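Each chain carries a letter (A, B, C and D) given by its place in the written order, and its residues are counted from 1.
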Amino acid sequence: MSTESDIRTPDAAHDGRLRIEWAAREMPVLAQIKQRFLKEKPFSGIRVSACLHVTTETANLALALQAGGADLVVCASNPLSTQDDVAAALVDAGIPTNAIKGEDERTYYKHITTALNHNPQLTIDDGADLVTTLHTKRSELLNDVIGGTEETTTGVVRLRSMEHAGKLTYPIIAVNDALTKYLFDNRYGTGQSTLDGVIRATNVLLAGKTLVVAGYGWCGKGLALRSKGMGAHVIVTEVEPVKALEAAMDGCSVMPMTEAAPLGDIFITVTGDKHIISREVIMLLKDGAILANSGHFNVEIDIPSLERMSCNKRCVRQFVDEYTLQNGRRVYLLGEGRLINLAAAEGHPASVMDMSFANQALCLEYLVKNCGKLGSKVFAVPEEIDKTVARLKLVSMGIDIDTLTPEQERYLAGWEEGT
Amino acid sequence: MSTESDIRTPDAAHDGRLRIEWAAREMPVLAQIKQRFLKEKPFSGIRVSACLHVTTETANLALALQAGGADLVVCASNPLSTQDDVAAALVDAGIPTNAIKGEDERTYYKHITTALNHNPQLTIDDGADLVTTLHTKRSELLNDVIGGTEETTTGVVRLRSMEHAGKLTYPIIAVNDALTKYLFDNRYGTGQSTLDGVIRATNVLLAGKTLVVAGYGWCGKGLALRSKGMGAHVIVTEVEPVKALEAAMDGCSVMPMTEAAPLGDIFITVTGDKHIISREVIMLLKDGAILANSGHFNVEIDIPSLERMSCNKRCVRQFVDEYTLQNGRRVYLLGEGRLINLAAAEGHPASVMDMSFANQALCLEYLVKNCGKLGSKVFAVPEEIDKTVARLKLVSMGIDIDTLTPEQERYLAGWEEGT
Amino acid sequence: MSTESDIRTPDAAHDGRLRIEWAAREMPVLAQIKQRFLKEKPFSGIRVSACLHVTTETANLALALQAGGADLVVCASNPLSTQDDVAAALVDAGIPTNAIKGEDERTYYKHITTALNHNPQLTIDDGADLVTTLHTKRSELLNDVIGGTEETTTGVVRLRSMEHAGKLTYPIIAVNDALTKYLFDNRYGTGQSTLDGVIRATNVLLAGKTLVVAGYGWCGKGLALRSKGMGAHVIVTEVEPVKALEAAMDGCSVMPMTEAAPLGDIFITVTGDKHIISREVIMLLKDGAILANSGHFNVEIDIPSLERMSCNKRCVRQFVDEYTLQNGRRVYLLGEGRLINLAAAEGHPASVMDMSFANQALCLEYLVKNCGKLGSKVFAVPEEIDKTVARLKLVSMGIDIDTLTPEQERYLAGWEEGT
Amino acid sequence: MSTESDIRTPDAAHDGRLRIEWAAREMPVLAQIKQRFLKEKPFSGIRVSACLHVTTETANLALALQAGGADLVVCASNPLSTQDDVAAALVDAGIPTNAIKGEDERTYYKHITTALNHNPQLTIDDGADLVTTLHTKRSELLNDVIGGTEETTTGVVRLRSMEHAGKLTYPIIAVNDALTKYLFDNRYGTGQSTLDGVIRATNVLLAGKTLVVAGYGWCGKGLALRSKGMGAHVIVTEVEPVKALEAAMDGCSVMPMTEAAPLGDIFITVTGDKHIISREVIMLLKDGAILANSGHFNVEIDIPSLERMSCNKRCVRQFVDEYTLQNGRRVYLLGEGRLINLAAAEGHPASVMDMSFANQALCLEYLVKNCGKLGSKVFAVPEEIDKTVARLKLVSMGIDIDTLTPEQERYLAGWEEGT
């Protein structure tokens, strides 16, 4: 089955390939899995449609699946996250790809449709746009699907809602919820790459700035940690009491967003919910406030309201739009409110994606091996896969750890020995 | 039912009371619960045997239960953690108490027996010594027991082993596993108070020292965080690959204990397992190495081996024993290897115990209300209790947080809205 | 006197102007000085030759001097640090500019010569290339020079050597040595922007990496601080015992470079000296080691030796050259060994340059006012200028501070009042 | 010349000796100097009066000077900092000592007088009480004095005032101003030991607390750093603009004390000035605020005003006095406002005092060697002494550092080599 491609710069394949190789240096776990796939061909002839951020790391996952025999099509999981040279390299490597940085919403969904036309047996999704489109617009294709994986918190939340609504029709593994995924990718990956995106977009000094982090989940925790590491004062907003307490005891200021609004220099949303920066909040911002989002969808900042409230808008720097409000204040929106680490920077560093995508690769293999045995539910990553990824990563970092002695194992298993 | 007391300094009650009041300043959540208990008397006439570290915070829990009508007896959960003036104040307040700082093992178990003679309907335990003694030596009393609570990781591990072995005969709630307990008490409480214990015992500068943390659970995470906060180089040893990876990405060095042994200036064990500092490790220590434990039991350092390997032992400072090994090197053992934060300092600060003990108080009330309805298992803290504690704590800290708007709730519950 | 310009992209003036305005948002102190200059014209008709990194921040300084009446020419102080669109905007604003990103050494010195042809009365230098060229190749112009300023540590070291050798012929103020310059620009500026450069060039995750910082001066301190803030293990190499001790007590590992060589994942030099990464060190690097420099000159890494030791060299990513050594290992050199924060990123954030360049502007004014009164020496920044800059910066940040009461002033001035 | 002693517990000499030996473990630089003094006897027969905090570290200095032949008398430099068992051990070792923990002001000055009766040729001071008493009350003894040393910032400020007033009659070396003193002792020593004092006195959790640090000199910097390391929100108050800016960019909140007053949970003064916590500030404190001082004198908190404003005062815990203000709020004063690290804890850890007192020992030797050659001024520590201390300390820590190659030295000394 041959599938068409739609990319911007076919002649950038060489640059893309070099950058993919560069990322591969930091992805030793996935590389090891790829070597095994090359021999064992676990996906021989299986059709896979992957809706992912088209980055150098994703390319390495795609190449590993291809090495395992998969018949793979790739499309973008976000209109602004595509690296065009990587897309070119994928096509050059024989993997049909549909992704253009900055594509409009129509093109975005057209690309998803193209990927679905591949009639997938496995789906890989990041945010659940492909899976929801498949269930709502192309349900005739559902019969052939063995299973799927989901990469991110937002997608898992949507899929659980689908499951609860009785709408999910095949098994999906929530790769996001593997310890070796969210503890590292969501925390350290988002922490570093979000600041990277903000700095590339603005070149502002973080030291001494007041930075408001909306949401203290794993992404928010990583972002707050790194922001403090750069010398910023960090304010956290939350809706969950336990997370709010954690933030306070981690040395952050905690308050409602309307209180934070007039204090912040930079606002970054990572909540997975909508309109965190609402019309009311925008009214309270000080002149020069910078707004960015690092959550999956561009709904966390209420951009339609921002547009309506402004009497002028201009692009003052790449990825920086200046809105002049009717109250005379200027507000700067970065990367159109799309996840800033992918819009203005290169997304998560390869080293954490190595673990996330090793989980992806092994979970896809698990789905094939357990074809027909799993119900139409959202599944956790099998613990053994999670531990395997951790062990391989430690080896790749040259880190050796202790092993329980038999005496220690007995002690842990017993209860008689006390004071 | 009148129960005897056994304490060291009955005339220290006044000092104890003042210190209990001092702790109460930082325990507003428990205070609020106590006020309700005073009116509602949920424990009216119920016999409770509590085996806990006899500290100012525990005293506040005991007084809250007494206010709720409980007929309470207290004994120590560790031979070296008792604050003698607090014990005196408890007796003075009409709560029979059996606890003497530095008591030997025989006296320790005699005190537990006295507490069991109270014929408890509820048990409160910290490490499961009372519960295991009850099950093995005084099983005739089991019939009257409604349920119990367990405060610490080690106790929960033992109780789960009992449950798996089919030995547990009544429901026990694992208070330790409440988010508002372990995220704060185990992490920030252990982090601060363990260093406090080490510094009070030794007065050493931590900046520039190499500090080895054995175990990267919540206690180990807190301890490593605070140690880095004091300028130490932190080495972490672990047996779990995911935790080892976390430690590495948190900026700690990770290696097996035998590699860490010749590098460390200070070693602190928080694993919940035995012989982490084994004979083999002791042989590799450098001259002047300091050993401390902050895990529940004094088995993490192999003290019997240390004794056998030494040609001389002397106390060089309160809570500091110098062992001269046959290889001529000197090793310093703090607080006899018992949890150093209680042996040499005052245990966790009241502010975190406020949450832990609010969970205790509410879980005991829950056990009474659900008397007969629960099986003989280890139960999680009901989520509603956990969230209530978090909410009350935030209020007491003067922290206000956001609430989801109806639109935001709908968004989270839905799955249709995508890119 | 009209001077020629030599820039790459004259039509990029609009983009450059927007970016200059963007930087201006973060340079309120300089803006305030510019407003005064506009009225007072302290440089009316005075010829100024400025050899600086041609960045958005420098452009704001140039525009402030122009507002003050200066007849200004600009050239680059580094072959790889020019922002071509900024150069275009400067020319467009009527300031002759000679600077092309990536220019070769011949062009670099040709541009300096063009700037000197302006027959300057004031010189502004960053690294002392213009001043040394003036003294050695164009000494006929020295007579007209009133004085100069020097921006960076390396330049100050060179000028002090000139002074000691009796070669300096006019007064130069070491702007670098102002507290409001080096405490902020060298520390927080270099700290953030160097990591920014490394991340833009490589997109590597810093968490868990071993990062070797050569030199623990103010730049090194800032770099180590931020690197730890990003989760890296930091090794510091030093030649000064006191700085080495500081590094150790700040929680860094301290060792000679030959010991660090096989341990490091990333090496960054900020010493101001040459061949820190010497042939011997290169031989010890592990496969995949990344080398970068953030010191003024590209001599800190022995690039000629690296070239000779390699059997292959290729560019694998923008600003990343892969060298394959004869021992088979690959070494990655970033930005040709030139200051990575300017080569691969945008240099110090405007917020710190605001202070550095406010000092520049006020020191140039001071030189004009004190024309003929100062000897041919390297002078410190007048304390009053330093304090003024600090005060204005605080005001711009909305920070109010305390003032000594008369009683407190008396107390500090007295000595009689004791215990 | 035999001098009397006045101490509290002569029979505590054994305990004191053990603790002095314990400190000696962490003072290898001083130990090495002591070995040389033992052979060279640089102080043979010289009378020395030392006014210092009578701690285990001071005892090691005293023993080193005694080993060098000094005829030494010791008195306390603060009424609340004496460790009584150490005083006993000093007397037992043949060093007359006059110091009692908690002595009143009359006894304090009587002890200084006793020390002066020794007719010193060298003085060692910490805060300048001995030197000012000598100049004002016992000026007949000034003739015999060769020189002196001063240990702390406050003393140096007072002595400089004396010098400027023309009152100083002999040379004094400002040991405080050695890099190997203030960068470590004032910063890391005060940082750790002040928090140690606060925690021993109160056992409060620092995580999540708002801690106000008054003064951002080296002591304040260390204190703020460690407080953030323990999870506190740090507010800094300052009068110097540059220091205030540093605090802001280090991630602290900066504001005037009257703004901080209603926000702080804990206030710690380290300014060296008086009435930082003034009557006006006290009025603004919230109920339960904790006040401590870690500056040299107990004048930083306006205790007389606090006493007058209170309707009740009681001691609620050792080192904690509760004041109930007329507005009903309670304020807790720690350690009577005296330096809390010595009042409630054990002062700076031995490891930093090793450097401070190595400077003391070498400066005293320098004064003897240069007897008669120095004027009546406050002198800096000779650079060679400073560097020697740093070098010896590094060796004792097992840290090796780099040395400049001849090529590197030439490069630093030259100015010709540029881009």
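In the analysis below, a residue touches a chain if its C-beta (ideal position, glycine included) is under 8 Å from a C-beta of that chain, and two chains touch if they have at least 3 such contacts.
Keep in mind that this is a model prediction, so the values were computed, not measured.
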{"item": "Remotest chain, chain D as reference, centres from CA atoms", "value": "A"}
{"item": "Interface with more contacting C-beta pairs, comparing C-D to A-D", "value": "C-D"}
{"item": "Interchain centroid distance [CA atoms averaged], chain C/chain D, Å", "value": "38"}
{"item": "Geometric centre distance via CA averages, chain D-chain A, whole Å", "value": "53"}
{"item": "Two or more partner chains touched - positions in chain D", "value": "188, 207-208, 228, 231, 248-249, 397"}
{"item": "Chain A residues within the chain C interface of the complex", "value": "18-19, 21-23, 25-26, 56, 188-189, 191-192, 196, 199-200, 202-208, 226, 228-231, 288, 316-317, 320, 345-346, 348-352, 397"}
{"item": "Residues of chain D defined as touching chain A within the complex", "value": "207-208, 228, 231-233, 248-251, 253"}
{"item": "Chain A to chain B touching residues, read off their complex", "value": "78-79, 105, 108-109, 127-129, 132-133, 136, 157-159, 161-162, 165, 167, 179-180, 183-184, 188, 237-239, 241-242, 244-246, 248-249, 254-257, 259, 272-275, 297-299, 386-387, 390-391, 393-394, 397, 399-405, 407-408, 411-419"}
